[in-house]
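Lettered A, B, C and D in written order, each chain numbered from 1.
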């Protein structure tokens, strides 16, 4: 029997293939992405980051094992400290202020994705929550590795810097830790595999849609 | 000072105007709506109904006053008893089975709306939850009244029967009760009016989008 | 393999034996219970009833199956309608008003039991919640049957009336329904049996302590 | 108008007076506390520490302001890292292992206090949660200051070391931060002052009862 996270990853392979090849991703790593699309993506990322923190806090509140609680709280704290500081630096480089970002309305896809994560973490058990946030972390690792070679010739410093984060050993460590925490409870979770697969797939679909939202600079119809 | 629900209603008037005149609504009351669009709407409504029940249960669990808890539980119970039985009859008339419906994947807008409601009810206080579910009940009352005259000449029996529910005194009573429960705590809620307005407006936007989803027979892009 | 609820019941048999023979219970069915102790019990029961309703609402919000949601909501609604009306009649007979009761401070044991139920229902899955509220319903059925013969010679009408509720076919039906809902998901729950057993046992312990609290007319030390 | 936390503190002054003078506290600072009572206290503290972490995680998940979320997550993380490591060292000094502690059943008062905190944090808003955990932090600061002079002549090194933590500038900083976070939203919270006062008082009562539980080495009656 494979590990839970491998089963989950396989079951959403068709979605992940399309994420790796999405024009936003491809153009970002090549350096041909129009700057206004990147700026749109970055602005939408702020509320997502705060939402991720709140989700991790909810997950931590439902876990039993102190060492696992600790690891998830470290991630949550990193999101509202290191990550948020890096985010502010990036805003600066882009000539944006945190106020611009806070005032920006989350786009429809971003809103839908955030409410999916919050609902899953609020109403489900801790492992359902962990499975919901895993595609976000894990796809970024795969994206960065898949397109790594193109970075060398990427003429846009901001894009290269942004991408390098996801190629760092620290980032790989986060993904490995999340996977290990889930896989360590495989025996207990396997009876719930169909529900977990469906959560993982929906989160993967939202990851694809998030890139697409940014590429289209999606607006509310009303 | 006006009542809270009047303030909320006024603040979303532009959205409600567009709901009243949405082609799905107009064609439904005239009888010119293509049957496949109505069928799509009905199928999407099933998961929404179960979600509404779960939201009302969450709201009831957070309320303090036994008489208010009772009224909300009555609504919740009606959703999974009377409403669900009426729904099954409607499915029958349309040649659909409950199994077809349960197997149907909720469309993107429907999913987004449901997760918005669940998140608001799970993470917010009981009155935030009540404000989130109010547009669903209240817009249907306004829609039915606004288009009432056209029903007489509506050639489609299924559409006439469907619409007549929202013109019944019972239905008006539900909307009045929900409004009264919220308005009775106006003093306490007024300091939170900006958050409540934003919840009410977002729910109203999702109501518009739900009609539009059905009219377009919306599919997932992936 | 036995049914889940039989396993749970067996695992707490030592506690249940002591509940059946607790002086409060014995004297209540014989008619020798001092009226002030019964009055204390009744006053403490009010907040418990509202808490039970809120717990059932939380459980309903987490369940998936509409027929099960419906049954739990029926119980919740009965608690704040029929039950609460019967409760008010009983208060009347005892010369108490609802205001007296609402103003009464929940005793330490009552507070501890209610917060145990609320925590279990808020943080756990729906079946953990159902297992937590089961001893309350089920022990009253067993108590009434165990002491049924003594009721005939019980000189106190109020005690006889109170006890007769738990001997009614309706009441047995509620207990059977709760047990069946849990037993119907036995396969899914069996891997979690140690946690469920511990919840059921703690709830049974609180049932014993609740009777003892009333018998001692327990007060806060501070 | 005073600050919220001053109002809360004043309203529970009678309880706090009794906490400062509880025999467990007095004997601990003097050095005359029987070691088995201290050991009992320490064992009970483990589950409380994990519960506090889970409560803080829940509070963080409901807060809006990233800087406040960050501060609460820092406290939560400290509980399952630094605090837990210090706790393990203390266990070592006492000749206890973490396994002994994990196997120990939480005493009735400890269970009641933990479920009160969890219920308040799970069902209430973030500031209700913060008010519920404040007495735990703040009373320890006041206790340490009130008895500081006696520490010099305290013959028991373990007791002196334990107490010194609560006299550190770091610890005072935590209490000040918690108070400031609550006081900074005073305007918004003042309309809810009666509910907050009642939460703060109940938490203070449980703090008193926790010391008393340890002094009596409280056991379950059943």
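Convention: a residue touches a chain if its C-beta (ideal position, glycine included) is under 8 Å from a C-beta of that chain, and two chains touch if they have at least 3 such contacts.
Keep in mind the model is a prediction, meaning the values are calculated, not measured.
Counted by C-beta pairs in contact, the busier of C-D and B-D is C-D. Our note on geometry: chain B versus chain D, Cα centroid distance of 45 Å, whole angstroms. Between chain C and chain D, the centres computed from C-alpha atoms are 32 Å apart.
In chain D, the positions touching at least two other chains are 61-62, 123.
If touching chains are joined by edges, the resulting network of the protein chains shown connects every chain directly with every other.
Chain contact summary for the complex, chain D toward chain C: residues 15, 18, 108, 111-112, 115-116, 118-119, 122-123, 205, 208-209, 212, 220-222.
The residues of chain B lying in touch with chain C in their complex are 50, 53-55, 57-58, 60-62, 66, 69-70, 73-74, 76-77, 80-81, 84, 121. Chain C meets chain A in the complex at residues 61-62, 123, 125, 188, 191.
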